[in-house]
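First the structure, then my questions, so here it is.
Chain naming follows the written order as A, B and C, and within any one chain the residues start at number 1.
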């Protein structure tokens, strides 16, 4: 049973509308960016369809998620805190820093384990690199043309505008043509570290959720089938190429469709952590909630007030008859009072 | 009532028996699912007045407040009712769960910027092995076993419900009372007088 | 002059205590342990079973050992973290010789050099001042095999009478009393008797902190409906849950017990059949308490008279009952009398030799029970034999293959050895597993004594505060680095399995002793190839003694999860419960009542020192802390001694929790933070004793000895308490500790 995500029988029309709108916007951008489909590679159409479906589902799920009361409240508070008068400049600088340290360098993971951090960085940068290469290619935003009569000279075009030329046999050319292979190696290395840690750690295995392995398996499948294509070209004289192309496309499309439903959705959820930072800062600079038992401050008043608002929306009422609210007791005193109440119910001991 | 069993056994906490030794705190961090982090709570109620200590593991609510207030869908409850630690990729470190849990269970860890909480040592309990705290607890204030074992060896009756003002919270874990019929544990109830209030009989002879 | 070569601070900087926080190899090391070894905790007499996880010759963690019947996986915090003493930065890995010029005050030397020096000093001192001028102090954290070896080594290797051990600071008062009254020195019961009792009477035992697992046995009794009586000057965690609490004044235990006997007699809550058939001396004992009315007892003890009567009623009218006592009644100049007064209660009501009945001491130290039986006590030979008894001497001489005359006579007890050193009568000392500077009362006196030694050799794995005085330190072995047996609080011999080998150039303790003996030219008595061979000689030496191990084998001990002595013949099942059918160990089979009359402690409060001081332990520390003060998570639990003061006294002194107070006795003075608690008597303060130097509670305590057991009176002295300068935050350390999140 999943508590937090309750299955909803009805379709959220608003979220669906935004999803459709996002798909339309992307289609328009593809059309414009590919010079009216002139540079669009029809062989990649399957990928485009996969992307469009994923975009719809991600937007839909994201919006449904944002409507949950605690999420909505945090979302609002995060933006309010960010836009606070006289703080926008400061916050914008802070945001840039947070993006670098938190979203890109992911230092917080290192505090759990250096190996886990390294693995996550490998997968993260591998995926980012692959996306940076494949998405523009799929959308027809980037394409390559050979220059002059020499088959080894290429020029890259971005939105139809020619950029630098390079030789396929040069080091630069090698890197450009093998960017996806490089990303595949990064991802596979990261996945293997993750798998190694997981399979040898009974503790981690016990709390493993099925989605964890699916995500790793998917990343592995996409990467390895991509490498198969290169292997076929380089060493098998192109044998099995078309089969491998279809296999790779299948893994990629399935992967894209998995993003909104599985573990990888955290890619879109995680940035909310930045909002939490601003919310936390705002809370720390404002009044603090004092415990009604011990009178010690234990949280920002704004967060306790938010929770007192949100809790009834999700079905809880911690008020007492005397106008108090259990939420205004600090966690430590809650634990003590629970014990005191139990001790009072036991005669012999206690 | 939530199903109290996991792998045929149940977890019972009887705070009144706690001797405050912290074996549970020390053993908690030896658990496989959260090595190096102690997630159980133990503190004196008021050391000036009494040696009574308050141990607190996750009560594994039937409808966990922590999960409901999580903006990131990071707290999941397994089919067996065990409420897990925040999913690491999802938890955004907002501490809503820490503040909302009526029992004060989840802990926020600043450096990894996330919440972790007692998961009943899921690697152990899910296969019928005692969680670390209940394994070592010298007074067995923290107890894990079959209902039959409990009936055969322990006195007191089990209660699976707590009242916090208007809110009734049913839990997977049980606690012990003399008479179940007196209802859920009411955290706001008045405490009766007992000899511990004046252990040396000082009030008896006027000072 | 065995003075520390450097200041305390400099020595600490080099040799610790430093804190080990995490397992060797980090928190993930235990995931792929090479193996798990069934063995036992080293940190108290309960000897809980534990499985140590081993990887690459390091102990990296533990698993509960659910199958071991005594504790079924349960452990106290010391047990949980015991594994952190391994892989420790302070571990001594090389022999050391004192050298004020060397960094750290000691220089590393070869084993040959160190051993030669030790042997040369022994020879020189004994040649000049006589054999007994070289003494040995030992400890009961050692296995039975090593205890036996030390006993033999001192007598036949060093040829000195002056061997004693730190069990002298443990349960010797109980040992003497049990021998006098019952004829045998062992807890009367296996712990499985506790749950069968209808009343459990705990006297002077902070069970929750000093024998935590015993709590679960007491709960099991209460789950059956048993009543719990606790007598203590403090409302310990166990006392808090008692049905009847007797908050007596320190040093008045025998007054409480004699009053209870008075009430038993007055109400005829007696078992006359048992008294007539199985005991002698009841009439005299009853006559001795004729005047001990509840009013008299209440006046002495400070316990309301009606509570004393109620205790007598519960004890006297319950069909079964267990009385458990520990250091609280034993560390007194009348420790033996205190225990005898408890035994009288058991005998008067027939509570011996049947299920759920007995009066038992909770032995404190790891092998406190076994250690004293194997003969490294100044008055004992193996098998709990008496060193002054010609028959006993002859029996042991035969096993040892020596002339009876070669076995020295009774020597000085531990405190007396220190006094003899102070007086210049004992010039040389070899110690193993004993930290007298912290453990013994009157710290300043003990340190002064060690300073006066001509030579002090120490075998230890860490540089303890006493070892700081040493001329030569020989790096010995940890509990998990050697194999053998020990005997638990119940009298159950259990198997200690080696998990790892000693690191670096450290050696197993027994190998060191053998080598010294060989170099002293006494090697022929010490031709052991293993601790198993020592065990075989030990059980033979115990044969026919009261503590008879003859029928035990290592294999049986392991397979049967321990064997209770006496186990006189092979195949004998062992003897969990003593005195079955009321047959006691005296030749006539009868127990002795003793007439006990209350007498005050050696030091009583007066105008100058108006407050009682009692000392004790905390759950996270063990003995002098040589091991546990080096384990980070345990130190964090209770980082420094606090002075417990009742609010009434605190108000009078103007003191609040965290304020620094100065506590002064006739021996010394110390400052420490106060913790104001209602759980202590208003006329008494409490300080735990595990710390050295300026934090040592034993700076204040009294060296006065019980005339029979020679135990010092560390449980009661008179002090003055004043407010001093300063304040620290001590309120609820547990919270600060736990909220210090992300620490690992």
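Just so we're on the same page, a contact is a pair of C-beta atoms (placed from the backbone, for glycine too) under 8 Å apart; a residue touches a chain by one contact, two chains touch by 3 or more.
The model shown is predicted, which means the values in this text are computed figures rather than measured ones.
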Intersection of the contact lists for subunit A and subunit C: B
Centre-most chain [mean C-alpha coordinates]: B
Subunit A-subunit C separation of Cα centroids, rounded to whole Å: 59
Averaged-CA centre spacing for the pair subunit C and subunit B, given as whole angstrom: 35
Between subunit A and subunit B, centroid-to-centroid distance (C-alpha), Å: 33
Residue list for subunit C, restricted to those that touch at least two other chains: 28, 31, 219, 222, 240-241, 735, 742
Multi-chain contact sites of subunit B, meaning residues that touch two or more partners: 16-18, 32, 35, 41, 43, 52-53, 111-112, 155
Multi-chain contact residues (two or more partners), subunit A: 111, 201-203, 332, 348-350
Contacting residues of subunit C [partner subunit B, same complex]: 22, 27-28, 30-31, 61-62, 64, 66, 73-77, 79-81, 208-209, 212-213, 215-216, 219-220, 222-225, 235-241, 245, 247, 302-304, 307, 619-620, 633-634, 637, 647-648, 657, 675-679, 681-682, 731-732, 734-735, 738, 741-742, 744
Residues of subunit A that touch subunit C when the two form their complex: 111, 113, 200-203, 332, 348-350
Subunit A-facing residues of subunit C, complex: 28, 31-32, 219, 222, 240-241, 243, 735, 742
Contacting residues of subunit A [partner subunit B, same complex]: 1-5, 65, 68, 70-71, 73-75, 108-109, 111-112, 201-207, 209, 263, 266, 269-270, 272-273, 275-276, 279-280, 298-299, 303-304, 307, 310-311, 314-321, 324-327, 330-350
Of subunit B, residues touching subunit A in the complex: 14-18, 31-35, 41, 43, 45-46, 52-56, 63-65, 67-79, 84-85, 87-90, 92-96, 98-105, 111-114, 119, 122-124, 126, 155-156, 159, 162, 164-167, 175-179, 182, 185-189, 191-192
